Structure formats: structure tokens, C-alpha cells
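Which chain is which? They are A, B, C, D, E and F, in the order written, and residues in each are numbered from 1.
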Amino acid sequence: MKLISAIIKPFKLEEVKEALSEIGIEGMTVTEVKGFGRQKGHTEIYRGSEYTVDFLPKVKIEVAVSNDIAANTVATMVKAAKTGKIGDGKIFVTPLEDAVRIRTDERGESAI
Amino acid sequence: MHLKYNRFITFFLGLIAVMGFACTGFAEWESLEQFQESAAYPKFLVDNLWLLIAAGLVFVMHLGFATLESGLTQSKNTVNILFKNVFIICMGTLAYAVWGFNSMYPVDNWIWDGVIGKGGPIPDATEAVGNLTSDYADYTLWTDFIFQAMFAATAATIISGAVAERIKLGSFMVGATIIVLIGYPITGSWEWGAGWLDRLGFADFAGSSLVHAFGGFAALAGVMVLGPRKGKYLEGGKIKPILGHSMPLATIGVFLLFLGWFGFNGGSVLSADATLVSLVFVTTALAACSGGLASIFASWMVLKKPDLSMGLNGILAGLVGITAGADAVGTWEAVLIGLIAGVIVVFAILFFDKIRIDDPVGAISVHGVCGIWGTLAVGIFGGGDFLIQLLGTLSISAFAFVFAFVTFSLINVVLGLRVSEEEEFGGLDIGEHGQEAYPDFAPSSH
Amino acid sequence: MHLKYNRFITFFLGLIAVMGFACTGFAEWESLEQFQESAAYPKFLVDNLWLLIAAGLVFVMHLGFATLESGLTQSKNTVNILFKNVFIICMGTLAYAVWGFNSMYPVDNWIWDGVIGKGGPIPDATEAVGNLTSDYADYTLWTDFIFQAMFAATAATIISGAVAERIKLGSFMVGATIIVLIGYPITGSWEWGAGWLDRLGFADFAGSSLVHAFGGFAALAGVMVLGPRKGKYLEGGKIKPILGHSMPLATIGVFLLFLGWFGFNGGSVLSADATLVSLVFVTTALAACSGGLASIFASWMVLKKPDLSMGLNGILAGLVGITAGADAVGTWEAVLIGLIAGVIVVFAILFFDKIRIDDPVGAISVHGVCGIWGTLAVGIFGGGDFLIQLLGTLSISAFAFVFAFVTFSLINVVLGLRVSEEEEFGGLDIGEHGQEAYPDFAPSSH
Amino acid sequence: MHLKYNRFITFFLGLIAVMGFACTGFAEWESLEQFQESAAYPKFLVDNLWLLIAAGLVFVMHLGFATLESGLTQSKNTVNILFKNVFIICMGTLAYAVWGFNSMYPVDNWIWDGVIGKGGPIPDATEAVGNLTSDYADYTLWTDFIFQAMFAATAATIISGAVAERIKLGSFMVGATIIVLIGYPITGSWEWGAGWLDRLGFADFAGSSLVHAFGGFAALAGVMVLGPRKGKYLEGGKIKPILGHSMPLATIGVFLLFLGWFGFNGGSVLSADATLVSLVFVTTALAACSGGLASIFASWMVLKKPDLSMGLNGILAGLVGITAGADAVGTWEAVLIGLIAGVIVVFAILFFDKIRIDDPVGAISVHGVCGIWGTLAVGIFGGGDFLIQLLGTLSISAFAFVFAFVTFSLINVVLGLRVSEEEEFGGLDIGEHGQEAYPDFAPSSH
Amino acid sequence: MKLISAIIKPFKLEEVKEALSEIGIEGMTVTEVKGFGRQKGHTEIYRGSEYTVDFLPKVKIEVAVSNDIAANTVATMVKAAKTGKIGDGKIFVTPLEDAVRIRTDERGESAI
Amino acid sequence: MKLISAIIKPFKLEEVKEALSEIGIEGMTVTEVKGFGRQKGHTEIYRGSEYTVDFLPKVKIEVAVSNDIAANTVATMVKAAKTGKIGDGKIFVTPLEDAVRIRTDERGESAI
């Protein structure tokens, strides 16, 4: 199994969620994060002093999937999250050794 | 108020004196000292004081609007909303001093008799006698000005809420200034300036039409030129509500507006007359309360949940509804007027959403629709002539709509009216101001 | 105020006139015009105006309660709290118009002499003469009504805070309506309606007992029927505090209540009498300030940290404490009354928490306990008879407790009083209203 | 106001009466009853009522300061700011009652003639006659006290904002108490207490210098002793702004201050004189509005973005600027005074930041710098002697600075003035109070 | 070593924390997240328009543990977090290659 | 590739960010978290009742890096985040199988 974490632009969340639903993924966990990267923050002014907001709001989507649909999941996310402009974000794939559904004690692929 | 007609004569006399002309007409007293020693002076003091306090109460309404509007919009546009409200009160008061006040109360100084008054700056002199009025009016020229100035900016504030979250700041500032400077005093002069509507016998005690319907229909024009916020109206007729970010702010706003309305209506008596002012307090409060209850229960029935924001709009609906006739209807008529306004506003809000007129705070329904209702109610309950009331409210609303439509359309062509889609998404606070309203708290993304 | 007795006679005369009966008793003037030209008229104008302004100030207290209560409770119940406060002012004013006002000031119209007055709707007519009072009172019938109506809803608001975060919306609405409609006017009539307590010489200037202790003990009854919020009282006597979500809202609330109290107490002079009103302003402010300081230092000593919410409650405690005798005590006595109230409230809050009476905002301690203290203080400092004061305040508190206990118990049986555990956990905003107070911000889970 | 001189005589006479001495000097009436029946009584009632209402409006300013200051500082220090404001109003009123009022208006009771007055507690008696003033003044002793007491605490509040986010709570409480108890009444007596400045013909109508410059320069001293907040001024002259956490709170604060200023300036007429009070309302509003616009456009030009917090400061700058001459300048002069104040404040804020004087809310610029400007403006537009105005405002500002500098330096030695770096980082809410302002919301870390 | 991430209902946080303490786990990191899964959100109404809140508030607990206690940790979490109702959440187990205690530079199992 | 997660004290964020920039790391994702560990929370008081705030605010920094700079990244973070006082936090290193740059579809090391 894989744990796929995608860091995307917040306003793409809805689209990514729907794209994942369409390929049959019905569970995911979302976290609000701040991203720092090539996309530069903006300069703001407060009472005469300029300052730079480096960290931009992003959303992290975590999805646990079985190995066989991992590649498709990533591809789907890329497609839905892409705007082509800098700051679109990253997807990270890490190995997932085990998964448990708390309600039923199910384990492994049947848990996700 | 028919008293108003007379007071312009007085006002004019005062004005002459102020301007340095000979003072012709102090009916009974020859000097300020004489007047101050007369038995009429204490009443004059009380009347004048009440109008000043009422002006302070109407000022509170601007804070009410600022908090209501920012409460009912998203946190990423909060600085923008607050900025607009700060600008409006500053600009509105000055615009009224420079031109509006004299344009709205032209006395004999019409550009087009009964239709457009000639404006100009208020006088500078501080000479005492000239500012005191004689046996007709109950307050000084300065009191008159400050009370009316607090009203003037209201029209712009009503628009501000309806066009929120997508209008360019600079363009709004230009539009609001034109409307307060030129538009509002024109319709104002028709009635309170003793213009053609007043001559016909039209009745609009404290401005259901002159202030609220004016603001509401100017807002409608603004919304139509601007279009709805992105993402609100989906394909297939589905509506995706864009939630206000702070119900406490919205509620504070409505309570403050309710409070300020005691001055808005109570001060419009234009004296501290015990019977009238106290009646106006009672009719105002009863209509507000029945409006609130009516909206609560009407929306509960329709929507199956008790909706706070509808209850808040209901109170305002009742207040707008009673404004035209607060001095002329009885207590239970006031309750009825409020009840009907409270029901109307719920369905008006649902209706405008259905026809894709996107008004984040419900200003068109509250001020526009209920402003008309309130004016008509005087024709039903308050002894006014129904057809004249109808003619008056429609004329004012239509003028406001056309005037604002032309203004905003021209601005749209010259300056552009709407922020870019990217800015709308990111919020006007960053886009227009480079500032956040709540930098310590990260808003969640839906 | 003993003047009150007379004014009911006057009021009654006015009422007769209004109702269309022949006007029998204008002592000195035969027509409104005559009165207006008399030397007594300006004073009448001032007195009347002050009461209207005071009514506006008492109205501000409702906003104060709304913000204080929502500040001291969790963000997931904020829409619910605000909704209840909006409902209370609307319902309270109308209930008072329909029945309460006349039931509280029954003049000769008792169901049970001196104990229960016969209510009924306020008059509808707007006829001027009837509403003007003659040489006895200093304000019109409408002024009287609006000032008292603003008081009436207060009792329900006090309860609202104490039962917050767990009471079913519909059940609360029914209970609050019954209490404002029937309960509050009954005890009110005992004293201000010239009932049995007034006849005994009981003194409660602006309502330490009639408004505050009434509200506080009705709240206690509500809390006892409801039980504490889940998770507050743990096993082994441990208390896990449930934190209020916004200290700025709570602080705004207390400042607004302090402001409103100038109208609550100052208006209860029932005229603009210079000496009395100014004395009342001073005693009110001094008691509030010494109450605040006393609570700050008392809680600092006991809890080792300066506690803002205790300071806030201390100001309110001082205000409730001075309410019964604001017109009758000297400046330094006022300071002392406030100091004692400020200490009492700290220990009362700790005490009620110890006996597991869960009152999120401290309403029982502030209004109930300090209401009793304030009433007794008139017996100590203000020239009142201590035993009569004791009898009066206990009678009123006991009646409020029993009346509310029965009301809420019945509602509990018929409609259910408490939301489900699941709803309580998820918050009443979603559960009862399907709305969030701060949809842009995700509250953190503790 | 030169009337003030006379009123102290009156006040003194009243005081004598109150104290139980024989009443020597009621010019025309021999008893309260006689006065009440006289034709002068209604005017007295109106004047007195207006001052009480004005006191209520000035009270609102304390809420304004509390919200403005907490809005412009970080959420981790919000409980602390609110607590200080609650403390200040409580302490300030009591300190003024115990010593300050009599020390500021010493009549003949000088420690050092014209320079330092002898203080002492206000009288306790509630006797009616003694508290009524005769033909000179227009209000009772109690009215005088409560109006002035509401002013007194203002000075401490101004300091509170400037030293926010780093000052030890206990040390601030001690310092603020000393300044309100001793410092403020001293400079106050120089002018309003008929001391040396008044004798020279200095004019400061409602306190541009006596209240605002005093507070502003005391704040400057506090900031200099304390030093800037950690992390604000970086190496190489770079400034890292520390953002205020809530623009709605800040905006609510400024609107409430604007409202309160109608009482601050309007009440300083010390009667309800129709011409003067209405003129003051107009000049006050016009200066506020032109100050707001000037700051908006000045900061827009300099900073390239429309800055809400600058607009807010501009309104306050205009208000502070007009305070000294609100009764003495014409309408368009008021506009000019406000415009200049609005421009000054923008550059003053930038200047103080450049020289590393860290003032989170801009209090030194708004109250200090614009207080001086407003006082000088009376010498330019209002008929005052420019050099005397200069002497007066510099004397008051210098005294405030030195007095506060010594006070805070001594406290620094004895108690320590500044919280630990760790506490400053973690926030004073946890550090000083063990409480959070918004426990339901996790603030984001920058 | 394993990094165990549990997504649970927020009000179960306290119980899970105490259960972990009881088996000797003294460190954990908690994140507020929003979950999307079988448990459906609720319908809300705003000014007459209905909308669905899809994402439900959840809490993510991350615990780094040595291999030998990983199984017990998971079991303990499941027990403490279970309500048996839909939406109880998931536990994900991923491999942890290294851990460092910043304060002491300790590495590996002694760091957690 | 490695995914390095550091849980640090919030006020160290800026320093860690700058230290990482200096060694050439230009991308990272930051999450606000609450930490529970040896560093004990503080006791607060609300209206007379004491309670303990167990969870302390921390910040989690996630950085995806190639294997060769992983060790240096960890060392840099440790250095920048250290105060030597309890509660400085932890760094966790987990294997990263794949990374994707959404904007360009780049994969692997070139994506991070």
C-alpha cells in the first residue's frame, strides 16, 4: 500500500476530491498547511512597514491506496490540481505498511 | 412632515443672516439675548439637544452597517469592507458639507424647480444669531446639518454591502461619492426639500423611500452591473452559498442599527415633542420586534431550521418598514407593518437568489423592497394617499436605480468595476490593501 | 420610588382618555395646547426625553448580554446564543405590549389585589392628549411603556446565559416567553405596580430584586432542571472548566452593560431631576468600579492570577448591587456596596461550581446573589427597613425560582428541555440551526 | 472655556453647603424649591442632562480604546490589554473620587498656587441644595464629577496602548494609578483648575493638550523606558511589523471613539447651549472625517496601498486635532485642521518607527503629536495667542513626559517594568493571566 | 521503528492520549485535519440555500515507536478510539528510518 | 529520497527556514501541530477552576530531499532548532518512494 500526500492550491481541493471520487476513492484526509517554494509570497504593508509573507496557504490531501491504483491516483491528482502556474504543488508517495479501520478492526487493503 | 416646509423658510432666513445679509425675519425676538431670556428658549434647547443626540445615534448606524456587512461576508474581504465603511462616513459627511446639504434643501435655489436643487458649501461663520432659528424651527443650522449629514452617507453604505467581495475599491469610492454628492440630494429634495413630491402630498416620515429604497435600488443597479460573486450560482440553477465569516459581528451590527434607528426615526420628529417622539420610539421598536419574529418563523417554516441571519434581516426589515410612517400609525398597526415586512424580506431574499441577483447581505431586500412596503403602508394605515405613495416610492426607486446604473456603467467602462478573478479568489484584503483582517488566525479553506 | 404610586393614577387617567372615555382629571390644564404653553411644559419635555434616551440605553444592555454570553461560551454554540438574544428582545417587547405592561401596572385592575395584576394589550390610539400626563408624571404613556418594555426582556436574557450550551432552542423559547409574559410582571406589580410589597414600604429603586434577583433565581431553577454541561464536573469532585471562546466579546458585553446601566438606574429616577439623576450616575459608576476592583483583587488572592472574567463579573456585581439603592445612598456607601458585591460574586461563583450548579456566565451569582445583597444594602445604608427588605427580596427570589422551576419542569415533560448528548458535543449551532458562527475558521479541538 | 473659572467659585460654594457649612451665595434663590419653580430651572435641567449624557458618551470611549488597542495587537496579548482597560476605568474613576477631582479643581486650595492643587475625596452627602449650583454653573456637583472622571482615566488608557505587549501587568497598574491620581490632575489644574496657564489666557477647549498630549507624551516616556517589542527592529534598520490581530475590533474601536468624542467635545461646552454644542458637533465631525480622508490618501500615496489602520488613525488624529478649538473655529477651518492632522499622523507614525520608538497602536502620534497640533491650531485659527498656545502645550507635554519617565523608571528599579523575553514570546495572556483570549481557535505561528 | 498515524474523532483525543500514556508512550504530535469518507457530512442552510459540509473535523495523532511496541500501540489506539459508529477513523503504519531528539542529538529508538 | 519531518518550537521556524535555504533547500511544507511530550504544559485558571493545557503549540516542517543531502538536512535542522531546553522537538526520517511536481509532471529527485 501507498500513502500519497499531495500538497495543492486550496481552491483546487474540491476538484481533486471529485476527481478522486470518480476513480473510486472514497476516503481522504485533508490538512491545512503553509508552503514555501519557488512561488514567492507577496509583499504586504502594515502601518508603513513592508514585510514579505513567505508561506502561502496550501492544502495537503492524504490518501491511502493499494499498490495497484497508486499510479492512477497520482495521475488523477496531477490532472485535477494542475493550473500550470508556479506553486501548483507536489505529490509525495511513501510506503504504507499497514492500515486499520478503527470501527471494524479490519486490516490492510480492506481497511482503506 | 409638513413642518419641514416651514423650516426651510426659517433655515433660509438663518442662512441669509449667516451669509452676512441683514436679518429680516426674527418674528418675535430681536436679538439672541432676547430669545434666550424668553420662555420659548428652554423648549428650543431641548429640541436642539434631542436632534444632536439623534445625530449621534444615526452615527452609530454606520458602525452597525460596518459590522453587519463584514460579519455577513468572508474573512478575506473584511479589511476591504471596513475600509469602505470608514471611507463612506468620511466622504459622505464632507460631500454633504460641500454640496449635498444645500442641494437637498434648496429653498428657493432650484436648478429645476422642485426637481433639482442647487448645491454649495455650508456657511463657515460661527456667528450665533444667524444660526439660531426663530419661532418656526427647533434647532440651529448646525444641528440641522449634522443630523442630515449622518443620514446622507447611509445610502452609500447600503450599496456597499450589496456589491461587496468583488467590486474594485477605487471604482466603488468614485461611484459612492457621485451617488452621495449628486444622486441622494436630488430625490431628497423632491420631498424633504419641498420639491414636487412634497407638493403632491407624498409622506415619507424618516425615509423608507428617500433613504432606504434609494439605497436598495441603487444597490440593485450596482449588483446588476457587477454580476454575482464567482462560484455562487452553479450550473443547473444550484446555489452554493458563500457564508459570512462572523455571526457575532453581524448580530452586533443589527443591534446597533436597531439602537441607531431610535435616533433615525425619533430625530425625524425634528423636535423633542413628547407625544410624537415617544410614539415613534414605540412604533419603531414594535415593528422591529415583530419583523424579527416574523422572519424567524417564516424562515423556520420554509427552511426547516431557525436561521439567525434571517432573524437579523427581519429586524431590519421591520425597521425599514416603519420608517415612513413611524409618526402616523398606531401601535398595533406598527406591529402589523413589521410582521409583513419580516415575511416579505424572507421571500425577497430567496427570490433575488433565484434570479441570480447576488446580494451578500440582503440589502436590496431589506432596504429596497421593504422601503417600498413601508412607504405604501403609510397609504394603507397612516392616512396617506395610496396612489401618491405609490408614485413617490416608485419615482424615487426608479431614479436611484437609473442614476446608479448609469454611474456604475460609466465607471465600468472608464476604470473597470470588478476585480480580477484571481483577486476575487484570493480576497480583496490582500488584493486591494495588502493587509489581512485576522493575521493571527489562518482561515480554513473549504 | 414613591412617586410611582401617583403616576399610576395619572397613567390610569391617561388611559381612560385614550380609551375614549371622558377625560376627567387634568388638574391644571384643559387642553394639550394649554399645557404646552404653560411654564411646566419644558420640564415635561426634558423629563420625557431623558426617559426615552434611558430606554435606548437599556436597549444597549441587550446587546451587552448577547456579546457577554456568547463570549463566555464555546464557539460551537455561538449562533444559538445570539439567536436566543435576538428572539428575547423581539418576543419580550411584544409580550410586554400584549399583556405584561398592564399586568405589571394594574392600577385598580387586580386579579388578586396587590398580588396578581390583570394584563392586556397597550392602547392603540395615537391621540395626543390622552397620552400626555398631567401634573403628576413626567412622561407620556408611550415613554412609560418603552422604558419598562426594555426592562422586561432582561429577566429572560439573564436566564439565557445560565442555561446556555445545552438547552433545546424551542423549549427555551417557550419557557422564556412564559416567564416574561406572566412571571416577571407578577413580582413587578408587587412593588412597582403598587402591590403588597410597595404597601409594606419595600424599596427597590431600579430592580436589584425585581429584575436581577428575579432573573438570577429563575436561572438557578433552569440550571437545576437542566443539569450541568457534559464533561464539566468530573468524578472525585474535579472541575474541568469549559472555556468561553472570546474574551473581547465578553469584555465588549460588560462595557455595554455598564453603559446601559446609566439608563437603567438613571432612567429609574423617572424624571430628569438634576440632583437625583446625577447622584445616581455617580453611585452607579462608583459601585461598578469598586466592584470591578474588588473582584480583581479578591480573585487574584484566591486564584493567584488576575482573572479577566472575574473582573468583568465584578463590575456587573457592583452594578447589580447598587441598583436597589442608587438614589438613596451616598458616594462612599456606593463604593462600599460595590466592593462587597465584588467580593461576594467571586465566592458565589466558586461556591456554585463546588455544588455543581453549572452556570457558564455566572448569572446566578451576579444577578441572583448580588441582587439580594443590593436589596439588603438599602436596609443597611439607604434608610430602608432591613426586615422588609429581606422579606421583599426573598419573596421575589423565591417566587422567581418556583415559577421558573415549575415552568421548566413542565416543558421538560412535554417537549424535553435538553439536547441530545451528541448534539451537545457537536454544538447547538449545527444541531439546532444548521449554521456555524465562524465558518471561515476551524475551531481547535481540545 | 472662561466660564470654567466662575464655575469653580460656584462649585466651591456648593461644596461648602455640602460640607455642612452655611450656604452663603445662592445669588437669586433661597431654596431648592424656589429655584425649581423659577424660569431658570428648565434650562438648568437641560444643561445638566446633556452633561450626564456626554459623560455616558465619554464612557463609551473607554470601550473604544479597549477594542482599538486589542485589535491592533497580537491575539496572545488580548486578555492582558482588555484586563488593563477594565482596570483603568475602575481605578481611574475611584482615584479621581479619592483625590484627583479636588486636586484638579482646587479653587482656593492650592499646595503651590496655580501649579499644584490639594486633592481629597469628593463629598459623601446627598443633600440636594448643596449640590445644586446657582446662577453660574449649569449642572450639579455630581454631574461635574462624573463628566470629569470619565476624562481622567483616558490619559492612562492612551499609555496602555503604547506600552502594550511587553509591560508587566502589576507595574503598569502601579504606574497608571500614579499618573491618574497625581500627574493628570496637576496639568489639569493649570488650565481647567484656573491655574497659571489659564491665567495667561491659554485655550484648550476640551483637552487636545490636557488630555491627549498629556497621554501621548506620558506614553512616549513609557515606551522609552521599556524599549521596543522583541523582533520589531532588526539589524540594518529593517522593521518587521508586528501585526494587530483583528481589524474589525480596531475599526469598532475607532467608530466608538468617534461617537464618544461628540460627548467629549460637545459636553465640554458645559451646557446645552444650542449654538455652541451644535457647532462643536459639526466641527468635530468635519475634522474627524477630513482627518480620515487625509490619512487614507496620504498613506496611499506614500505606501502605495490604501491602509485601513492609517485611515483609522487619521480619524482619531482629526478628532484630537479639533479638540482644543472645537468651539472656536469655523466649519472649513475645522476641515483644514483635520486634514493637516490626518497628514501629520501618517508621517509621525513612520517617523517614530524610524527612530525605533515602538508604539503598537500609534498613540504617541495620534494623541501626542496631534494634541500639540490641535492646541497650536487654536493660535492660528481660533483666536488664541500662538505663543501662549505653544508655551502651554509644550509645558503640559514636557511635564507629562518627565512625570511619566520618572514614574516608570522608578517602577523599573523597584518592581521591574518588562516581562521576560520568554513571556513576551509566549504572550502575556498566558504569562500574566493564565488565560487565553480565544481558546477555541489556534492562532497560526508566523 | 514505525510512525503510526491515527485519524480519529476529535472528542476521542483525550481518551487515546491517556490510553497511550498507560502503555508508556509519552510523546505524540497532534494535528487538526478534515476527513472525507463513508461518514457523510451534514446539510446546512445559509440564507435559504442548502449546502453540504463534506469534510468532517478529525484529529490526527502521530506517534513514533520502536518496532516491538508498534502492534500494541495500534491495538491500544483502536480500543480507545472506537465508538463502533461510522467515521471512527483509520490508523496508518509507515516505516520510520531514523529519529532525532533535537535537544540532545540522540538518534534512533532512544530519541522517541 | 527521504521525507524529513521536524517538529520544532514555533518561534524557531524562521531560523530553520533560513538555515535550510542556506544549504540550498528551497521548498518545504509547514503544519501547525500540538505536541505532547516530556515538556509539560502549563496550568491555567478559568473562573476559579484550574486545568492543565497538555498540548503545546509546535510546528511541523516537512521537506522532501534526495538521499545524499538527507543527513546534512537533518543536521542543519537540529542546529537551527536547538535551544537546549526541554521540548525542542523531534525529527523523523521516512522513506520517500516518489515525488511529482504537479505543474510540470516532473518525477523523482528533479521534482523536489
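Definition applied: a residue touches a chain if its C-beta (ideal position, glycine included) is under 8 Å from a C-beta of that chain, and two chains touch if they have at least 3 such contacts.
Predicted model, so just to flag it, every value in this text is computed and none were measured.
Enquirer: According to the touch definition, list the chains common to the neighbour sets of chain B and chain E.
Expert: A, C
Enquirer: Taking all residue numbers used at the chain A/chain F interface, answer same if over half belong to both copies and different if under half do.
Expert: Looking at both copies, the contact residues mostly diverge.
Enquirer: Write down the chain pair with more C-beta contact pairs when C-E is set against C-F.
Expert: Top pair by contacting C-beta pairs is C-F.
Enquirer: As a quick test, compute the distance in whole Å between the mean CA positions of chain A and chain E.
Expert: Using C-alpha averages as centres, the distance is 18 Å.
Enquirer: With chain centres defined as C-alpha means, what is the inter-centre distance between chain A and chain C in Å?
Expert: Inter-chain centre distance comes to 53 Å.
Enquirer: CA centre of chain D versus CA centre of chain F: separation in Å?
Expert: 47
Enquirer: Which parts of chain B, given as residue numbers and ranges, touch two or more other chains?
Expert: 39, 42, 46, 49, 53, 243-244, 246, 252, 305, 307, 309, 434-436, 438, 441-442, 444, 446
Enquirer: Two-or-more-chain contact residues of chain E, please, as numbers and ranges.
Expert: Where chain E meets two or more other chains at a single residue, that happens at 31-32, 34, 45-46, 55, 94-95.
Enquirer: With touch defined as at the top, which chains are paired up in contact here?
Expert: The set of touching chain pairs is A-B, A-D, A-E, A-F, B-C, B-D, B-E, C-D, C-E, C-F, D-F, E-F.
Enquirer: If you look only at chain A, which of its residues touch chain D in the complex?
Expert: Per the stated touch rule, the residues are 34, 45-49, 51, 55.
Enquirer: Which stretch or stretches of chain A touch chain F in the complex?
Expert: 2, 6-8, 31-38, 54-55, 58, 60, 74, 77-78, 81-95
Enquirer: For the complex, give me every residue of chain A touching chain E.
Expert: 3, 17, 26-31, 64, 94-103, 105, 111-112
Enquirer: Hey, which residues of chain F end up touching chain D in the complex?
Expert: Of all residues in chain F, those touching chain D are 10-11, 13, 32, 34, 42-46, 57, 59.
Enquirer: Using the touch rule from the top, collect the residues of chain D that touch chain A in their complex.
Expert: Residue positions touching the partner: 239-241, 243-244, 299, 302-305, 307, 309-310, 346, 349-350, 353, 362, 444, 446.
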